[in-house]
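Two complexes come next, and they have one chain in common, chain A, joined by chain B in the first and chain C in the second.
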Partner chain A sequence: MATLPAHDMGSAANAFRAEVRTWLAKNWTPENQAAHRRKPFKERGWDAEFSKLMGRDGWIGVGWPRKFGGQGCSVTEQLAFVTEMANSGAPVQAHSTGESIVAQALFKHGTQEQQDEWLPAIRRGERSFALGYSEPEAGSDLAALRTRAVRDGDHWVVNGQKLWSTGGDKAEYIWLAVRTDPEAKKHAGISVLIVDLHSPGVTLRPSLALYGKTFSAQFYDNVRVPATNMVGAVNDGWKVITDALAAERVMIGGTRMAGIERAFDRLTEYLKTAVVGGKALRNDPVVRDRIGALAADIEIARQFQMRNSRLIEQGKVPLHEAAVGKVFASELQERLGQAALDILGTRGLLSEDAEGAPLGEMEQLLRHSIMGMIGGGTNEIQRNVIAQRGLDLPR
Partner chain B sequence: MSDPGSEVAAGLTEAERDILRKSVRDFLASAWPPDESVENAGDAAATAALWRGMARQGLTALGSGGDGTGTREILLVFEELGRAACPAPLLGAVAANLVLSRQSSNAAQALRDDIHQGKAAIALALGAFDGDPAAGGIVLHGEIARGELRFVEGAGAATHLLAFTDAPVGVACIAAGAPGVNIRPTPGLAVPPFSNIVLDGVSAVRLNTARDTLEETAAVARLACAGRALGAAQRAFDLAVEHSKVRKQFGQLIGQFQAVQHKLADCLIGLDGARLALDSAAEARDAGNADWPVFASAAVAFAGPALRDVSIETHRALGAIGYAEEHEAPRHFRRVHADLVRFGGAPRARAELADYLLGPVQ
Partner chain C sequence: MDVRLTSEQSLLRDSAAKFVAAAGPKVARGFRGQSPGFAPARLREAGELGWLGILVPEANGGLGLGLTELALVLQQAGRGLVCEPIGLAAISAAALAQGPKLHPMLERAMSGAALIVPALQEGAHGDEPSAPRTRLARSQGSLRVTGRKMFVCAGGADGFLVSAMGPDGPVLCLVERDAPGCMLAATQTVDGRSLFTLDLADTPANLVSPHPGSRDAAETLHHLALIALSAELLGVMERAQEITFDYLRIRKQFGKLIGSFQALQHQAVNIYIRTEAVRSLVFQIAANNEPFGIDPALAIAVKAKASEDALVVTQTCIQLHGGIGFTDEHDIGLYLKRAMLLSSLFGNVAAQRRRYAAGMNLSA
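Let's turn to the complex of A and B:
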């Protein structure tokens, strides 16, 4: 046994999980996987054709309400789903931002026309989105954003600059936070637009992030966006952005946890038989102590995740609880990456395609852990949330 | 459906557990008030009176089963004892109840009744099942016990000693005042102090008990102590949070400083993680999940360092105000550290997880 015992997620989620596995066995075959792995690392995880295949068979929007064409799955079932998908390594990034963030906002703030236009296409895997939130002067302090949209007839005209949009160089659309009232208080003058990234005036500059995939800066120079692409009322964008976050955080957490557990299982599986310098690594007391500590931490991260889903299913919004889960899991990923380096030694630095690499994904896991601690609100901001919202400490 | 607990038939409902928690907390607030707990801890008569009061509350029967309470409720009550800095001899009672519920002899039945009525108080020594290699042990020759037991809690107020042994496997039940019993308190971080007990050919009632039962009882004792540490750490933390909302320095509340906010945020992560994991392990045992010892190891492995950190950080937030022994915080500091290092502590729990994942050392 090289993995911690699983928690029983309940019979419905277990059955659902089995259904996902069956579908993956048929559609995410060893040949598909081999072909996917032949792609450069920065291209992996994003596959428009695979997204369409998932859409065809109803696997996009499983957690959406039935009236929008979803399966109405519970949070626990959705977690089972994202865990299975992450474990399989199947590429879901081409549709995931649209499926979760954009669709969640459209359910609540979209007009009938917008719902009819976007939701079925997202569900079929035919629309890909990136997020346009951060700016040079607006990172943790997102509400300080300055990208400007000015009304001109049936259009909004956008000018400004965005940063760090994951998938920006692959997506067709961007979910763009813009300032529509510069006179209002900073949270009050924000709106959200869906912008076609191929519009005239959009310049994209991708750069490679430490974890091996790209994120992009964009420059908007008098970009004309149809007024019908504004989601939510003018100047009501802060609500549109924040409303969809709770469930989304839990799903991102689910994917992160699956990645951590899979890497840990691979590490322990390797350690069971690895012999280095004539010594079995599994007998090293330092290695054993480190593995025991990480195993306990993984169990704790699972507990935080299960608490978040329980809260959502009880109709509550996990706020500081979601922050707790995010901080703990992302820092656990960092600890796991560091531990792997200590255990594997210099060989731990080798990438998966390097000769003699024992477990090439571990160094990538470590590089990736930084994103978990920064993205979606830095862990320092999360700790502010825990202190101020969870403990009611004064601001 | 997402909540594994909702499918578990055994144990109390969440609402019943809330009622139990409130009633134990209210009882301890009046029977063991925080401002008297230091002097009361050294007073055997006070502890005996408390114990009779707990019997009237039905708490001395915890571990007997049959009343719908299970491991989760044991942990809940230990958490409250930790919160109240209360040294009630419940650890011995729970272990005795777990062992005695499988015994049918008249002597076992009589002892169980005495425990439930608060007439008997048990000091527990896990001996060879302790997990700390320095905990000592006894050997039974027929009905005669010999050996030395260390780190025994509650010996001062005990009427009986319950000693687990593997020579041969079983339990010795010994009257605390029997000839040949030599109890010596050993002062240290734990308050009240542990005791060394030397048994020099002492007459014992021998209870034949399976090794599995002894191991499982020892594991429950370990979880219970972790639960007690959690209660103590949480209480000290609550004091620190309140303090940070009223204490001003440099013209502002110290709770406004990000250095303090992040410290306390990290404490909450530790406390919540320990609570969820301990509860989940207890719940797994109550549900008959064969993997419960793995979850218990994980809970103890996390709780050890996490709750000790909470205890330290709590003191840093309280500053010198919380450093005086007349303040409540130091007794929680003592409790947290004493309870978490026992039974092999977190290193043993980590080793158990490594055994599970990597197989035993070869």
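Let's turn to the complex of A and C:
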């Protein structure tokens, strides 16, 4: 058994991927990687200095239109890029939310001033964002959100509470969904604000997620936000949010797929030498069957992604197609996590920070996969989208 | 679906439930990363209640009860995420009491004054319990054991029941924590508890006599461990699903109780069926097997089933909670982590199935 065959993404994307690899070889050296791995698990993945380095060399915003300083890469090239970055394990979280969700929204809904203020800084890796969407009463039913913003002169005054913001304990800014018209129908009274997390009145409560990384709840107590920080028109926030999400869903899938590919390669690497009861584990027919099934599913997940990126390149918005990709990939990740625990045996239990934890964070894979099945809209919600929008089944 | 219990069994279950009421997720949370990861006083309390001697004959000071009673207590321990190693201590006490001669350590093991735990596992993929690589030899008139045991729940332990290959076949022997040549190294697990690697180098050991009717004492203890862990897993999945169903009854989204959505109802029913299947298997096997004569195939089957289903059930419980279930603050994640730990001790589902197939001469 060897590693997965390379993913053929077409000649342009393949060539672009090779460029990314060359850069990574110089800048994400084994020494950098070892230093990064010495950090506690919950600190890994977020590195403001590395983000600035990527920004310096033009690797943030490769898919942005040229007029905003990007490289104007095709969607497939972007997919190759995010997959390669994630496969390398290089820390990108300090800039990724700004680069993706926030920038996408600013392209379409930002004013000239907002674009000039935020986009160059994001591209240099100097602005970090978390997302402020979920609330205690607004999970799957996001449009039920209650955090209020009331206009007061040149400011909005924000009161409320947000939950489960990944990176919310480290980011400088939050992309905050707020209710600006409590009288309007649910989806109609929402707006989006960029809020400095160091503003007076913001209280952060970081906590640990099940997969061993942090996220944070935030409490907003009369937080004053300049009115110029509202992106899109007042009460038009639902559109801002959904547009940005649609554009980003495919890229998010790329990151998830990379985690899956990396873990799969480590598992097969382990199988090269594993011996159980005097026999090579790789010759166990059950193990072979499982590895083969996983490899096939990984190919399928890659193809789902390629289909989605082609749809975007044709100017379409994959909606139920993106949901299919998300459901399939997140559940594949869960199957892979279970297979890893079965194949590694009791050793798979060691915690991510344990000395000699096998193959880096394997048991964590299973717990992380649950995030894939819940975060960004639970798989139940995705299945509703597929049934109603994709299959045209009655509501 | 209730298991039909005698009035004595019901009393035992109720007293275990009472004990567990003082445990629970909050207490378990407090023990994460602690050493030892439990309260020794609570272990002694379990000893006073008789549970550590539950399988020990009455003549030797135990309760003289069977596997059903053991399972009833451990099911409760699983429900309460109890951190005291009641199951491991109870089966170890049973192992010390199975021979014709009373073991000098038995009384302290039954009272909880001393904690003796099994140290049987040698690899990450489950073991053939009758073929340990650890060796027992006689040197200068005393017995010495040499080898390495893995994934030992050694936190707070005073001694270990070590399986070893002796001159005449597999044996079980008692090794004291402070014996010369006995070394422990801890590793953190996902559950926040430590598992230990136990290295033995020419370490003095005491032979534990096997039960007159059993092949060897090491195998007997291994199968007892499989039943004990399965019963505890049953409790974990049972309680996790209760917490989840309660949440489905109160959480509203889209203006409705989420428990009214069929997609969630069906998932709830699926985990309910899995839990009932494990319950039925655990208690049937408990009712039909003697502690020292457990049918290996059944012990393996129940550990395989409980290990697999406990993971599926606890993962589904988190999925049914949605985002809140993914937080470390919410208790439901503790049940998944406990299920991961118990599922993989003494061999996970894959290891059990491999051994089952080997036992049936089905292997390639």
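Going forward, the second predicted complex is superposed on the first by the 383 of 395 C-alpha atoms of A that agree within 3 Å, B and C clash if a C-alpha of one lies under 4 Å from a C-alpha of the other, contacts with A are read in each partner's own complex, and residues count from 1 in each chain.
The rule is simple: a residue touches a chain if its C-beta (ideal position, glycine included) is under 8 Å from a C-beta of that chain, and two chains touch if they have at least 3 such contacts.
Because the structure is a prediction, the values reported are computed rather than measured.
Enquirer: Taking chain A as the common reference, can chain B and chain C both be placed on it without clashing, or not? Answer clash or fit.
Expert: fit
Enquirer: Contact-wise, after the overlay, does A:386 reach chain B, chain C, both or neither (first, second, both, neither)?
Expert: Touch partner of A:386: chain B, not chain C.
Enquirer: Which partner does A:319 reach: the first (chain B), the second (chain C), both, or neither?
Expert: neither
Enquirer: Who does A:234 touch here: chain B (first), chain C (second), both, or neither?
Expert: neither
Enquirer: Mind working out whether A:188 is in touch with chain B, chain C, both or neither, as first, second, both or neither?
Expert: The answer is neither, since A:188 touches no partner chain.
Enquirer: A:157 in the overlay: touching chain B, chain C, both, or neither? Say first, second, both or neither.
Expert: neither
Enquirer: Using centres of C-alpha atoms, tell me the angle at chain A that chain B and chain C span after the overlay, to the nearest 10°.
Expert: One gets 80 degrees for this angle.
Enquirer: Looking at the overlay, does A:76 come into contact with chain B only (first), chain C only (second), both, or neither?
Expert: first
Enquirer: For A:48, is the partner it touches chain B (first), chain C (second), both, or none of the two (neither)?
Expert: After superposition on chain A, A:48 lies in contact with neither partner.
Enquirer: For A:204 in the superposed arrangement: first (chain B), second (chain C), both or neither?
Expert: neither
Enquirer: Please indicate which partner A:288 is in contact with in the superposed arrangement: first for chain B, second for chain C, both, or neither.
Expert: Once the two structures are laid over each other on A, A:288 reaches chain B alone.
Enquirer: After the superposition, what is the least C-alpha distance between chain B and chain C in whole angstrom?
Expert: Least C-alpha distance: 5 Å.
Enquirer: Across the two complexes, find the residues of chain A that touch chain B and also touch chain C.
Expert: On chain A, the overlap between the chain B and chain C contacts is residues 283, 380, 383-384.
Enquirer: Spell out the residues on chain A that touch chain C in their complex, using ranges where they run on.
Expert: So the residues of chain A touching chain C come out as 134, 137, 139-141, 144, 163-164, 207-211, 215, 276-277, 281, 283-286, 334, 338, 341-351, 353-356, 363, 366-367, 370-371, 373-375, 378-380, 383-384.
Enquirer: Quick check on the complex: what are the chain B residues that touch chain A?
Expert: 1-4, 7, 241, 244-245, 253, 255-256, 258, 260-262, 264-266, 268-269, 272-273, 276-277, 280, 289, 291, 294-295, 297-299, 301-302, 347, 349-354, 356-359, 361-362
Enquirer: Under the touch definition given earlier, write down the residues of chain A that touch chain B in their complex.
Expert: 1-5, 7-13, 74-76, 268, 271-272, 280, 282-283, 288-289, 291-293, 295-297, 299-300, 303-304, 306-307, 309-310, 313, 320-321, 324, 327-328, 380, 383-384, 386-388, 390-395
Enquirer: Which residues, counting only chain C, touch chain A once they are in their complex?
Expert: Chain C reaches chain A through residues 121, 123-126, 128, 150-151, 187-192, 195, 252-254, 258, 261, 263-264, 311, 315, 318-319, 322-329, 333, 336, 340-341, 344-345, 347-351, 353-354, 358, 364.
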